[in-house]
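Heads up, the next two complexes both have subunit A, just with different partners, subunit B and then subunit C.
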Partner chain A sequence: MQSLGLDVLFKGSNFLRLLGGLWVAVRISLVSVAISIALGIPAGILMTSNRKVVKGIFRVYLEIVRIMPQMVLLFIVYFGTTRVFGWNLSAEVSAIIVFVFWGCAEMGDLVRGALISIPRIQYESAQALGMDAMTSFRYVILPQTVRRLIPLSINLITRMIKTTSLVMMIGIVEVLKVGQQIIEANRKTSPNAAFGIFAVVLLMYFLICWPVSRLAVYLEKRWA
Partner chain B sequence: MENEVLRIEHLHKEFEGNVILKDISLTVHRGEVIVVIGPSGCGKSTLLRCVNALEDIQGGQILLDGVPVDRSSKEISRMRQRIGMVFQSYDLFPHKTILQNVTLAPEKVQKRRKEEVSQEAMELLERVGLADRSGDYPRQLSGGQKQRVAIVRALCMHPDILLLDEITAALDPEMVHEVLEVVVSLARTGSTMLIVTHEMAFARAVADRVLFLDEGGIVEESTNPGAFFTKPQTERAQAFLKTFDYE
Partner chain C sequence: MKKTQIIATFVAAAIGTTLIGAGSVFADGTFRTLDEIKESGTINIGVFSDKSPFGYVDENGDYQGYDVYLAERLGEDLGVEINYVSTEAASRIEYLQTGKVDIILANFTVTPERAEEVDFALPYMNVALGVVSPDDAVVESLDDLGEEDQVIVISGTTAETYLVKNYPDIHLQKYDAYAEAKTALENGNAAAWANDNTEVIAFAIENEGFTVGIPSLGSADTIAPAVTKGNESLLDWLNEEIVALGEEQFFHADYEATLLDTYGADYEDTLVVEGGAVAAAETETE
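So, the complex of A and B:
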């Protein structure tokens, strides 16, 4: 049997470099998710608005985000803005901007969905107990919304972590790029490393995303 | 009258061009139990919802202790604290325990002390036989138990009047009794109540006054429930009550 090329993994500091790359990926997604949640909640509340204009704007925004490939957005923000506006955005900042643009829309839609899924009787029984709009939102509606939201937004986190594999296209050295560099460097001595290293990268994505997605399942059951 | 709690004057309610309630006038005195009956769609639930300002009205007025219950007023939350309401079902807060369901509004709305409210809530739960379930969540309770909690939750606010909107309509038949028993005991202890129900035997047992509603208007009113249920005066009430007989 041919070697799987795993020996390369333990050469020098290769394994640590991969972990470092993984951290870059996780960092970009965590920062993006945090900002997306912060902006997505007000966006979602606005999406439930009765105003046609507000609704329409968010509708268009959401569709744009869903149709556009993230890679094109990355190129526009990283390369495009430098040329046209003279902005000197770092690759990581560009990546976060694109991910937030995407995450805020998705998060807003999740918040909207969670809000409208709260039955009307919940609003009415809060009202009947003499709660004003703020009190009822804070103690009755919001806690129920958050419970429905957390499992869904955790899924968004795993999707973001996976999508960070695109950011190497704008020069960010994240885990996949590190893997590529290691493979390139050892092309002569261990040609099979392409298999071993990429397999390890895959495993790393799995080890990060799997617990997160289990947590979502657990919370979904617990709060169902 | 001095001990008047609620007065409805010429209430008129429309929805998208349809008249739901027309010229309803009614005075409820302290300690009085009024039962509203009538066929589905006659407007009886809407009447209760109007009293709690959950619906807007197009004419007339509703006065609680002489103060208008006005949906657009800033004082409406304060007014609603004095009007307890229990709905058909599903109105407990699913993310709160039974005890928290009862104490939430007294604590956060009336700003009463936590210990005092908890103690009163436990006493009330004891009264409806649910003190041992105070730490459970609504989903762990049966429909009948949930409705008893909903009644306690309304009572803990010390309302001047309690509105019960078909509170047993969504329950399995074997659970109806345990809920109605609570209402009967409230009636005995002098609670003022406006009740909409389809349970005729219960209506007869608990009512001081019966209102028969049809097509949005009061068709018959009787302060003698025994007489009303045996021999209603109007043809429409006769026809309605007949639908409950199986002969």
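So, the complex of A and C:
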């Protein structure tokens, strides 16, 4: 095992530092996901609107998110807002803003898809039972939408967790950056540490993302 | 439906480029003066966190290295706490221009292009190219190379650019990765290997049987602290501080504490710039 540089992992507080970095990544993605879901549901409802202006605005928004690399968005929010408006956002707040900007668009699109997938007959039956638009939405459409949505949105969570590795570019020290720091600090004494440390980082991402995606599979089976 | 999608894509792209453009147009020097830093009690210093032995984090989570050794002293002499910001090579200028750090001490090579964007203080280290070769046939000057002799370079490095421009007759062997170049030299595929002098010096020390015949080649560049453009109070203080530190041979002590293990005592005067005076260090290497 020595040759893989795993001994480096237990030098000083290295392992704790990696766990601390993992917590930073998980914290940023959890906060972002929570806000994205809260904002994404109304956004998705608006996306199904028949009004051209509303539709157009959301289409442009969605395209911006799809076109712009998250990396560029991070630089715009972290450095750009300071240059243009003089706001001094902390790196973590900037990261959360970017992830919410991205998550809200993706979540909105998922909600829109789920809403559209509810058969017309559901709307018509609710109407036939004498429900008005609000009541039928609240008691008939929304519960079915949420069931279809949960597995999809959980996939978004795992993607967000993995994308947090970009936030090192704006100075946030998360798990991958801690890994690089450990490898570099021991470059002379354990040149092979890169393999061992990256393997451990991989395992950490896996241990976080795997239960989340298993949960998605479970919910999909139960609620489909 | 298709048409609207295409239009939306274009509008999105337009907004995107405007946002990026806005970032560079409204460049405005937001920085903290020396007094403001002292008043706040904390100085933000941008350093590398994964470039051993210049700026890295040790196993206890503490910042260490040649740059950090200087940063610690600056904090001490200012009487303020230090908040280290982990920077990447690509974002160093951006950090200064937005005032998110007060000083960058991240192995920052002084170039004319960068000097237009930030203000460099007096230098504290030299960088140049170096050439390493086997002990039994040490290359001490590139003019000594025979017609058949080849020189190893790593593609995309300053060494490659320099040799192509100044020694077009030398046949280069180009490799993409450090490890490949290393193996090639060890196997005797070429007469010598040209790279940053810090790299070749470290290589010669770690590998028996190789000597750095040319420790300093090409235009000698320097490493210096940088501040936001126009932050004169901080720049003046830094310059005075670097000159004052020179009197107590601070940067030699820094070298001995942080770089000695990697580069050995022989290169101390080649690499260290004391008191911001580059000329002295250069004549020593000649």
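Points worth noting:
The rule is simple: the second predicted complex is superposed on the first by the 222 of 224 C-alpha atoms of A that agree within 3 Å, B and C clash if a C-alpha of one lies under 4 Å from a C-alpha of the other, contacts with A are read in each partner's own complex, and residues count from 1 in each chain.
Heads up, the rule we're going with is that a residue touches a chain if its C-beta (ideal position, glycine included) is under 8 Å from a C-beta of that chain, and two chains touch if they have at least 3 such contacts.
Note that the structure is a prediction, hence the values are computed from the model and not measured.
Partners subunit B and subunit C fit side by side in the overlay (superposition on subunit A). In the superposed pair of complexes, A:125 makes contact with subunit B only, with no contact to subunit C.
Touch criterion met: A:83 reaches subunit C, while subunit B stays clear of it. Taking the C-alpha centre of subunit A as the vertex, the lines to the centres of subunit B and subunit C open to an angle of 160 degrees, rounded to the nearest 10. By the document's definition of touching, neither partner reaches A:42: not subunit B, not subunit C.
The partner that reaches more residues of subunit A, of the two candidates subunit B and subunit C, is C.
In the superposed model, A:140 lies in contact with subunit B only, and not with subunit C.
Of the two partner chains placed around the shared chain by superposition, neither subunit B nor subunit C is touched by A:211. Superposition on the common chain places the nearest Cα atoms of subunit B and subunit C 22 Å from each other.
Common to the subunit B-facing and subunit C-facing surfaces of subunit A is no residue whatsoever. Subunit C meets subunit A in the complex at residues 4-5, 8-9, 11-13, 15-16, 19-20, 22-24, 26-28, 30, 49-52, 56-61, 64, 85-88, 90-91, 94-95, 97-100, 206, 261-262. Every residue of subunit B that touches subunit A in the complex is listed here, in rising order: 52, 54, 77-85, 87, 89-95, 104-105, 108-110, 150, 153-154, 157. Per the touch definition, subunit A reaches subunit B in the complex via residues 119, 121-122, 124-132, 135, 139-140, 143-144, 147, 223.
Those residues of subunit A lying in contact with subunit C across their complex are 11-14, 17, 56, 59-64, 66-68, 72, 75-76, 79-80, 82-84, 86, 88, 168-171, 173, 177-178, 180-185, 187-188.
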